[in-house]
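Going in written order, the chains are labelled A, B, C, D and E, and every chain counts its residues from 1.
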Amino acid sequence: MDTTHTDMTKANKRKYALEKFSSKLFLVCALLSVFSLVLIVGFVFYKGATPFVSGEYSFINFLFASDWVPSEDKFGIWPMIVASLYATIGALVIGVPVGLFTAIFLAEIAPKSVAKILSPAIQLLAGIPSVLYGVFGLAIIVPFLQNNLGLARGQSLIAVIIVLAIMMLPTIVTVSETAIRAVPKAYREGSLALGASQIGTIFKVIVPAAKSGILAAVVLGLGRAIGETMAVILVAGNALIVPTSLTDSVRPLTTNIALEMGYAAGTHQEMLFATGIVLFSFILILNFVLSKLSKGGQ
Amino acid sequence: MRQAKDAVLRGLLWASALVSIGVLLLIVGFIFYKGIGYISFDFIFGDYSPTGGGGILPMIVTTIYTIIISLVIATPLGILAAVYLQEYAKQGRLVNIIRFATESLTGIPSIIYGLFGAVFFVATLKLGMSILAASLTLTIIVLPVIIRTTEEALKTVPQSYREGSLALGTTKLQTLYKVILPSAMPGILSGIILSIGRIVGESAAIFLTAGTVAAMPDSIFSSARTLTVHSYLVTQESGDIGLAAAVGIVLIVLIFFINMTATFISKKLNKADF
Amino acid sequence: MERGYKATKINVDKLNLFYGDKQALFDVSLNIQEKEVTALIGPSGCGKSTFLRTLNRMNDLIEGVRVSGDITVDGENIYTSQDVIKLRTKVGMVFQKPNLFPMSIYDNVAYGPRMQGIKNKKVLDALVEESLRGAAIWDEVKDRLKTSALGLSGGQQQRVCIARAIAMKPDVILMDEPTSALDPISTLKVEELISELKKDYTIVIVTHNMQQAARISDKTAFFLNGEVIEYDETDVIFQTPNDSRTEDYITGRFG
Amino acid sequence: MERGYKATKINVDKLNLFYGDKQALFDVSLNIQEKEVTALIGPSGCGKSTFLRTLNRMNDLIEGVRVSGDITVDGENIYTSQDVIKLRTKVGMVFQKPNLFPMSIYDNVAYGPRMQGIKNKKVLDALVEESLRGAAIWDEVKDRLKTSALGLSGGQQQRVCIARAIAMKPDVILMDEPTSALDPISTLKVEELISELKKDYTIVIVTHNMQQAARISDKTAFFLNGEVIEYDETDVIFQTPNDSRTEDYITGRFG
Amino acid sequence: ACSDGQQADQATSGDGETIAISGSTSVGPLAEKLAAKYETDVNVNIEVNQIGSSAGITNAMNGVSDIGMSSRDLKEEEKEAVEEVVIAYDGIVVVTHPSNSVKDVTMEQVKQIFTGEITNWKQLGGDDLEIVVVSREDGSGSRDAFQEIVGYSSGELIRNAIVASGNGNIKTTVATNKHAIGFISFEYIDETIGTLNINGVAPTADNVLNNSYALARPFLFVHQAGLHEAGEQFIDFILSSEGQDIVEEAGAIRLD
């Protein structure tokens, strides 16, 4: 064969050129999301930092004061920080197990024919507009809570948690189900052959093997929950109090932004962007914790 | 003891599935119950009237436009980005940064995307309030979903496939599109379907960038109203839940067909390769 | 053909197996004696693995598999009795391709016992060590018990698989070419182990290695195209086979 | 040690390889002759697969692998020259575990040639048939070429892997225990094939089977704990080894 | 879609020019009806985007839209950048659950309810139910006007008031809660909610026009100084009696 030349063959040269080009292209694609993030963060910071940079307002005050009366220049978001924290944790506590267990059910327990119908049906849920989730919450969940818990108002932290948990479901179910299905058959066989029960096999071998995908499901589901506004506005009540019980009305950070942005101007608008900065930090911390969590387990 | 634990877990699995399915039926049932009375030929094909809510054909068209444009941009971008992260990049700081950025993007509320889009695409890039500006904004919204799910799908492709292919003197690129991407298809597809859901379900990010003009769009540079924005406005201003739900019915049917099409296409793509 | 002093452990009667439309086993009848080593030999694709996997019902996992005929273990029909878990605890298996879980070596071996409810760390430690020693791999891995089992070489992995099966202390061990990925020394060790185990356990082993079959087994069954052509004492099969195809195969003249 | 009339095909000089901190190969130097069969033997985990995989740079794929030393193929340093594709087209490989793609049998075998740009159906058909025949599997699969390769038995899969490698018509074929999953007849066929191939090709084979090494190889290298203990004509290794450890190993007294 | 470039050829093709309008969601439906009528008579293309008063004003200021719609008064700095035209008035109604037996309140009582001094319907002669106050969001034109006329400030609003965005959401909230009280635009009243008379005066357009019903505020169009011909003509149309008839039809209150 052609061993006389150390040169690359012509065809291979082309392949390498293509290879090099494509890897650059892929990198550019990957950097695009960084670029978007930087742009958006930059935009939000640019808008939101003004009142504090100019020294007119104190950021600490902004974080820890409990009064939010824009028309009187009072901007304190402490109640909203607390509300966001509770709502997110609550939604995770309900949404993750239910979603994950549903995914397991679909991938491992349900007969193939049943899963074939249910999986796409649940994916359909992902496409229902959040407004309609909100309407559903307002027309069904809120009155239900009102009537059954004897509340004066059903718009409450618990209503937010339920709606968010429902909205996370399709993402968590779909992504985890795919991850679970991708676990090699050999693991399943190995475990069953050791006399492990189906349930034992699922929880001891399959779920751990699908851990990475399941974590992705949680991150994406969480993103949906944190980023959600339209549904939450309708069921949260948006009252400006620090919630002390599940039945209190709340105003999470996101709803504060969405609720008032349409009419806000000047400092009020800047303060809404500042709320965005806080929300960002919240997301960053959460993602950081989650990624640490996923590394810790590996 | 062990059997008892198994039974409890099995019970939980069933219960969760029943809850999920129950919720699904409840919501879909609610939407159909409230909205079905509004559905008529005129509701879809008639002239739009600000009061009656009829004539939502322009919104159906706009919705389809946004789905197609966003997917056409976001799908290749997202898949290639995931390929870079999973197959090309040295796992290190850069990759961690990209991954972190991607994940952080998922949690940003859509209203912020909308405001950003209004400033960046609409005003700075001078696209005006238009379907295109909205689609670009939506692209950024769904990018993380596609990247993350594709990455996970790539992780599940057995290393032996890569080795087998590369040992035959193929390039990474050939290995990628002949062996790796086809076997990652199911995961990628679920990412795309979730993205479709996100695109279709979005309102705040769209009405700030595409506006709410209730007329048939002439082109992707037209300002227009999607179905979801319509149901948002209806809920927001007139509080006509039945009308909002009727729009929801149309959406559900639409998504059903789009998801089926996506599944079909991905199966076709798979067949073509194997 | 049978010696009276050993009880029947597994009885297979007129077993037929289909993968969808494709029949892979034809009227297989075998009588596997307690505390003996039974070797299954035959050309590639003749159905040895398929047969082996019916004995602990691993074929249940493959969609479209249909089975007819009777299999009893200790007189109990394994397909009508529902307790598949009990069956698989009693009938352990080592697969053709090593299939360790993505966990540490220790966790892999301790997996089965833990599933049986054994929690005591001392007991588990002892069991893991004993099993790994039994599978002739202890010395190589004793310093890295807590590292991922997937970083081991192919042969090392297969021996950990054997250890994992032994740790269950089953009645019967099914082995699908357990030594095909091993070097001669490990092979020898595993063979010695098999001879050791057979004092207490019943062993069914698929092997492509005629010498191995001859060395370690008491009975040998020769499979061809999904049928059992001949089943007898190993000595008989290797020295005075009844069927000319058996002779052709073991002398390498076949095919 | 070398016969003058055969050229050096692969030259390995002071090769060291690390998996992260763990060194797996120590100062390995070997001279592989053109159109010969070189067997690599040694106990499980001694580094045979690792060594084999350096020859076509498959270890590049494993994160954290560091290599030092020189390897030349046809006088060209494979680690400094960038053309890894050419290297791998020239140096084919059959892995320890069969690793067919989830495609049809035909597409698996035609995969490599297609990637080289061969599109003509007739040419491909002929190549696929020739390769499958060469790997002694044609008769078993000729009626199901278009069905998924993953439905084949372990042994059948391995032979299709061999066919897939042959279809590339490489200069050198690296084989990692290619017959460990095969029955004696298929093994024999593959061994015959190797003897056939060696007329044109250079073959490096890892095997646990001493008889096989003795039967088919011209040279044999004995590995132990990542080192080459002895490398010589196969006759010499098996009859008058220099090192006592080699002798211990091949006579099975080792360990 | 926009007044700048992109669509230049489209806008000029035919003689139909485009008028881009954006802003308040409460003015939006009225603007859509006006536009629909106007477009049948004149060959122009009117785009109405309902995106909120502030966004509309911003768009008008930076030229993304020709006209902004606002349901709130302009801030000082906004007044410098754009001109405003009142195109109609909008009445605000205090609403309750239809089953609520309280039908008549004084303005003072309204204030006491929204500031938390009156917390139970029985204090007003109704059932023994806690009052749940539902307000619009801070920045809303309706809320600004409502608070100003009733006479309390945002800071005084009872803390646990439910805040809903948009007339529709208040309507749905009040319609599903026996405890609730809120306020919405005239346009959106129907049988799903009950309305309250203030100081004995019913919430009707006539009562607004004769100044006996005080809860009303203006709907504004805003634009930059040199608005193009087509825009000017559209505004003229709205202010004409034909335009004002449409205003009345839509449930808003005509200027004259």
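Simple rule for what comes next: contacts are C-beta pairs under 8 Å (C-beta built on N, C-alpha and C of every residue); 3 or more make two chains touch, one makes a residue touch a chain.
For clarity, every value in this text was computed on a predicted model and none was experimentally measured.
J.: What chain is the most remote from chain D, judged by the mean position of CA atoms in each chain?
T.: Relative to chain D, the chain with the farthest C-alpha centre is E.
J.: For this structure, which two chains have more C-beta pairs in contact than any other pair?
T.: Going pair by pair, the biggest contact count turns up for A-B.
J.: Which chain lies the greatest distance away from chain C when centres are computed from Cα atoms alone?
T.: E
J.: Find the geometric centre of each of chain D and chain E from their Cα atoms only, then give the gap between the two centres in Å, rounded to an integer.
T.: Computed from C-alpha means, the inter-chain centre distance equals 80 Å.
J.: Let me have the rounded angstrom distance from the C-alpha centre of chain A over to the C-alpha centre of chain C, please.
T.: About 48 Å, centre to centre.
J.: What whole-Å value do you get for the distance between chain B and chain E if each is reduced to the mean of its CA atoms?
T.: 34
J.: Could you tell me which residues belong to chain B and also touch two or more other chains?
T.: 2, 158, 171, 235, 241
J.: Please list all residues of chain E that touch 2 or more other chains.
T.: Residue numbers touching two or more other chains: 25, 51, 55, 165, 169, 172.
J.: Where in chain D do residues touch two or more other chains at once?
T.: 85-86, 90, 97, 116
J.: Can you list the chain A residues touching chain D in their complex?
T.: 1, 3, 6, 8-9, 11-12, 15-16
J.: Give every residue of chain D touching chain A within the complex, in rising order.
T.: On the chain D side, the touching residues are 74-76, 81-83, 85-86, 90, 116-117, 171.
J.: How about chain D: which of its residues touch chain B in the complex?
T.: 56, 58, 61, 63, 85-90, 92-93, 95, 97, 99-104, 107, 111-112, 115-116, 148, 161, 164-165, 168
J.: Under the stated contact criterion, what part of chain B meets chain A in this complex?
T.: 2-3, 5-6, 9-10, 12-17, 19-21, 23-24, 26-28, 30-31, 34, 76-78, 80-85, 88-89, 97-113, 115-116, 119-120, 140, 143-145, 147-149, 151-153, 155-156, 158, 171-173, 186-187, 190-191, 193-194, 196-198, 200-204, 227-228, 231-232, 235, 241, 244-245, 248, 251-252, 255-256, 259-260, 263
J.: Touching chain C in the complex: which residues of chain D?
T.: For chain D paired with chain C, touching residues are 19, 41-45, 49, 96-97, 140, 151-156, 159, 177, 180-189, 208-210, 249, 252, 254-255.
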